[in-house]
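The following blocks contain the structures, represented as C-alpha cells.
Common to both upcoming complexes is chain A, partnered first by chain B, then by chain C.
And now, the complex of A and B:
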C-alpha cells in the first residue's frame, strides 16, 4: 500500500531511533543509556561515561554500550536498559554513578 | 543543563534523528565581546516552515512519543537567562543550523564542560557520521574532522575527540 509522505517520515524517524539498537553482534549484551533531553539533563552523559569506562577497563568486548536519543520515562532519568537476546529487558531508573558501576560490573560478569 | 557540552549533545542528537550524515560543530568564545557559545549545523532533513515556527516551543515535537519537545526550548531559555540567545535556521530537505550563545561573564552561564566526552559518545557507534569540529576565539580558528568525507584524509574518532579536548581547552581556557 502506498504510504503518504508523513507516514514515510514517521517510519524514517522510528528507524533512526532504533538504528542505534541494531548491533551487528546478536549475542552482545546491549546496555542502552537513555540520552533524550531529560536524560542528559539528569546526567545520563556522565553515567554513560562510567559504564563505557568500566566496560573498556575490563575489555568486555561482548558488552555494547549504546545511547538512545528517544525521550521516554523522563521522570525516572537517567534510565539504563540491559538487552540480552532471549531475555527480558531489565530497566534501571534514576541511575547515579554508583549504580552505574554496579550495572557495569553485572553485565561484565554476565558476559564472561 | 549543567554543562554547555551537555546541551551540545542534545542538539547533536536532534541532528542524528533528522538523518544527518554530516554534522558541523563550532565552539566559539570571544573575550572581547563577552560571548561564549556553539553552533551545530547538519545536513539532515530540515524543518518545514511550520515546524521551524514552533520548534522552540516547550513540548513541541515531531518525534511522537519519542520526543519530549524540550531540547530547543530549554536551550533557548538557558541561553537567554545567561544574557544570550538561541537561533534556528532550517530548510526542508537541506539541513538545520542551531546557534546558542551566552554572556561569558554571566553567573548563569554553565561551564563548557567535557566537550571531548560529548564528541566521543556522539561518534561512538555511528561509523557513518562525519563530524567537523571547529573552535573559534578572537585570535584563533582551528578545525578537525572525522568520518567519510571528501578532501583530506579524516582523522580517527579517537584522534578527533582528543583534538576536540585540546582545541577547546586552548580556546576557552577554563570557561
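And now, the complex of A and C:
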C-alpha cells in the first residue's frame, strides 16, 4: 500500500526512540544501571526493563539507558546513575520498580 | 510493550558475509533466546562498516562497542558478559594501532579509523538493515523525494545540486548539476536515468557497499534525478559478481514500489518513475558510459564515439542522465540538509566528501569517507593506522588502472580533484593502494597495464595494439633485457595511446606508466642500466647469495630449498648454485644469522 505523508511521519516518530540507540549523541542523558553479578542479584535487570520501557513508550530520543558491568556499591544495589555532560552525576540507590518509574519520568521530562 | 534496550549490528557486507557473519547473526539470536533476552535485544543485519579485513564486524548499541574478528564461539561470551552483565568483552574489541595491539575505545566513533571520517554517502551503511525500508524511512528516508515532488520545480532541484558543488564520483568529476541541466534541456518525451554500478577499478568497492548497505538512497536519488530531468524510467547497471548488492537492490525496489515511492503517481503528485536492474558481466570497459548503455541495450559493451553525449543521445538513442552510485548516494543528503551544508565541506572546487578504498600496505584496509581535501598523510597515518611491520611509506596509487602514484615526497597532497591532477594523478573512483619499500614501481606499472591489456575491448588500434607493445617493453625491462632507448620508446608509446584511443580506457591506460616514470624514473634506470631491481621484486634481476663470513653452516637453508640449490658441509659456509636457484626466497626466511642476501 502506498504510504501517505501522515503515515510516513508517524512511522518516523514511532521508530525514533528505537533508532536513536544507534546514533551517538554526546549531549544525551545517560541513565546508567549498575548490573554485574550483585546488581543482577538485587534485581537490576527488572529495573533496567522498567526504565527502558518507560523511555521507549515516551520516545525519549535524548535518553540513553546503559548498563554498567561494574557495580561499585553492592550494599545499595540496584544503583542507577544519571549522567549529563557538564553536570554532576546523580546517584539513586536501592532502586525498586516504583523508584525506577519515577527516575524515568524525571529524565523524560528533562529531555523534553 | 517491550522496547529493545540494545541493538546488535552484525555486518552483512560481502567481506563479512564471506567470513561467516550470517551464521554469527543466527548464533546471536540463539544465544539471546537461551539467555532470555530475545525481546530485550535486537539483532540487525547491516551493510559494510568499512573495516572488512577485520571482519566479521559486530557493533553493540547504545554503547557503540566495536567488535572485530568475531567467531561463532565468541558469541556466547558477548551475550553472557556484555548483554547480560554489561561488561564489554575487551579481548574482542577493535584494538587500534600497529598490528591491532593498541588502544581500545568504548565507542567506534572514538577510534582513529572513524573519528576523522565524515559519512554522507555511507551514512546508513552499518546503521540500518538495508532489507527493511522502514529503517531507511526512520532516518528521514524518502523525505527528500517527497519534498522535491511536492514543493519544488525541476529547475529548482537542478539549482540545488549545482549550488552544492557535487561532482561525479565515478571518475571524471564532472559537475553533477550541469549534467542534470543538459538532460533537462533536451526536448524529448522519453528520457532515461542510468546508474553506473559497474565498478571496474579492481581496488574499489564503495559502490558495492552503498548498494549492499543502503540501496534506497540510490533509488530515491534516481527518482529525484528523473523528476529533475523529465525521465520516467531508470536503469541500474550492476556487475553480476555483486550478488548481495543485486539481491538487496532488488528487494529495495520491490519495497519502494509497495510503499508507492516507485511506480505510478508517486506521492499522489502525478509523477511516474520506475527502475530496472541490468546485470553486467563485469568488464572494465562496460563502466564507460557509452559502453554501459550499449550493453544495457543488449549489445556487446563497446564504447561509441562522443559526441553525441548521453545527455543528448544516450540509452536507446534518447537523452540520458548517467551518474555513478556514490554520486547518487549524496543527493538526498543535499536535498535534506541544503546545498550550503554540503558545499561547506571540502575545498574551493571539490565539495563534499569522497569514499576511498584503502588497500595494500596499510594497517586498516577498508572503506573510508573523508572530506575532500583531507591529505594523503592523514589518510595513511591516522585513519589508515600507518604502514605495518615498521616499513616505510613509498607511494600511493590512486585512481586504479586509470590513475597514477603519489610518492612519499607528496604525502601532504590534499586528496581533491585539482590537487591530484596537479601532481599527475586522479581521484578516480577512489581506489587508494599504499605501497611500501618492498614494492617495485615498475612492477606496479606492469600490474595495471596487464589489467588494461586484458580489459581492452579491441575496437580501436591505439589501445588494442599500443597497450600490448607497452607491456612488452615493461616485460623486457623487468626481465633485465631493457635499454635506455626502451624507456624513451615506452614514453612515446604512452603519448600515442593517450592521444589516439577512442575511449577513456585507452586514453588513461598509460597513466600508471607515465606517473611512475615521472616520480620513479631512477628505478626504471636501475632495471635497464644496473640490471637491478632496487626493491628486490623482479625475479629475473635477483640473485641470492650467502655471505661466507656470516654463514655458520647450520644447514637450515639447504634443507628448506625446494630445488636443492644450496650445498655445503655442516659448520662450513654454504653456497647457492645460481643456475639451479628459482628465487623463491625460502632460504632467506630460514637463515637465523642473516647470512643470505638478495639483490
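We take it that the second predicted complex is superposed on the first by the 89 of 112 C-alpha atoms of A that agree within 3 Å, B and C clash if a C-alpha of one lies under 4 Å from a C-alpha of the other, contacts with A are read in each partner's own complex, and residues count from 1 in each chain.
Going forward, a contact is a pair of C-beta atoms (placed from the backbone, for glycine too) under 8 Å apart; a residue touches a chain by one contact, two chains touch by 3 or more.
For clarity, every value in this text was computed on a predicted model and none was experimentally measured.
**Q** Give one of first, second, both or neither to describe whether A:67 is in contact with chain B, with chain C, with both, or with none.
**A** In the superposition, A:67 contacts both chain B and chain C.
**Q** Regarding the shared-chain residue A:82, is it in contact with chain B (first), chain C (second), both, or neither?
**A** Neither partner.
**Q** Which partner does A:48 contact after superposing on A: first (chain B), second (chain C), both, neither?
**A** Touch partners of A:48: chain B and chain C.
**Q** So in the superposed three-chain picture, is A:57 touching just chain B, just chain C, both, or none of them (first/second/both/neither)?
**A** Touch status of A:57: second partner only.
**Q** In the superposed arrangement, which partner chain does A:29 touch: chain B (first), chain C (second), both, or neither?
**A** neither
**Q** Residue by residue on chain A, keep only those touching chain B in one complex and chain C in the other, then list them.
**A** Shared contact residues on chain A (touching chain B in one complex, chain C in the other): 12, 16-17, 35-37, 40, 48-49, 52, 64-67, 69-70.
**Q** Help me check something: in the complex, which residues belonging to chain C touch chain A?
**A** Residues in contact with chain A: 1-7, 9, 40, 61-64, 81-82, 84-88, 107, 109, 127, 134-135, 137-140, 142-143, 146, 258-261, 267-268.
**Q** Given the complex with chain C, which residues does chain A contribute to the contact?
**A** 1-3, 5, 8, 11-12, 15-19, 21-24, 33, 35-37, 40, 48-49, 52-53, 55-57, 64-70
**Q** Over in the complex, which chain B residues touch chain A? Could you list them?
**A** Counting only chain B, the residues touching chain A are 1-2, 6-7, 9-10, 13-14, 16-19, 45, 61-68, 70-71, 74, 117-118, 121, 124-126.
**Q** Could you pull out which chain A residues touch chain B in their complex?
**A** 9-10, 12-14, 16-17, 20, 35-38, 40-41, 43, 45-46, 48-49, 52, 64-67, 69-72, 74
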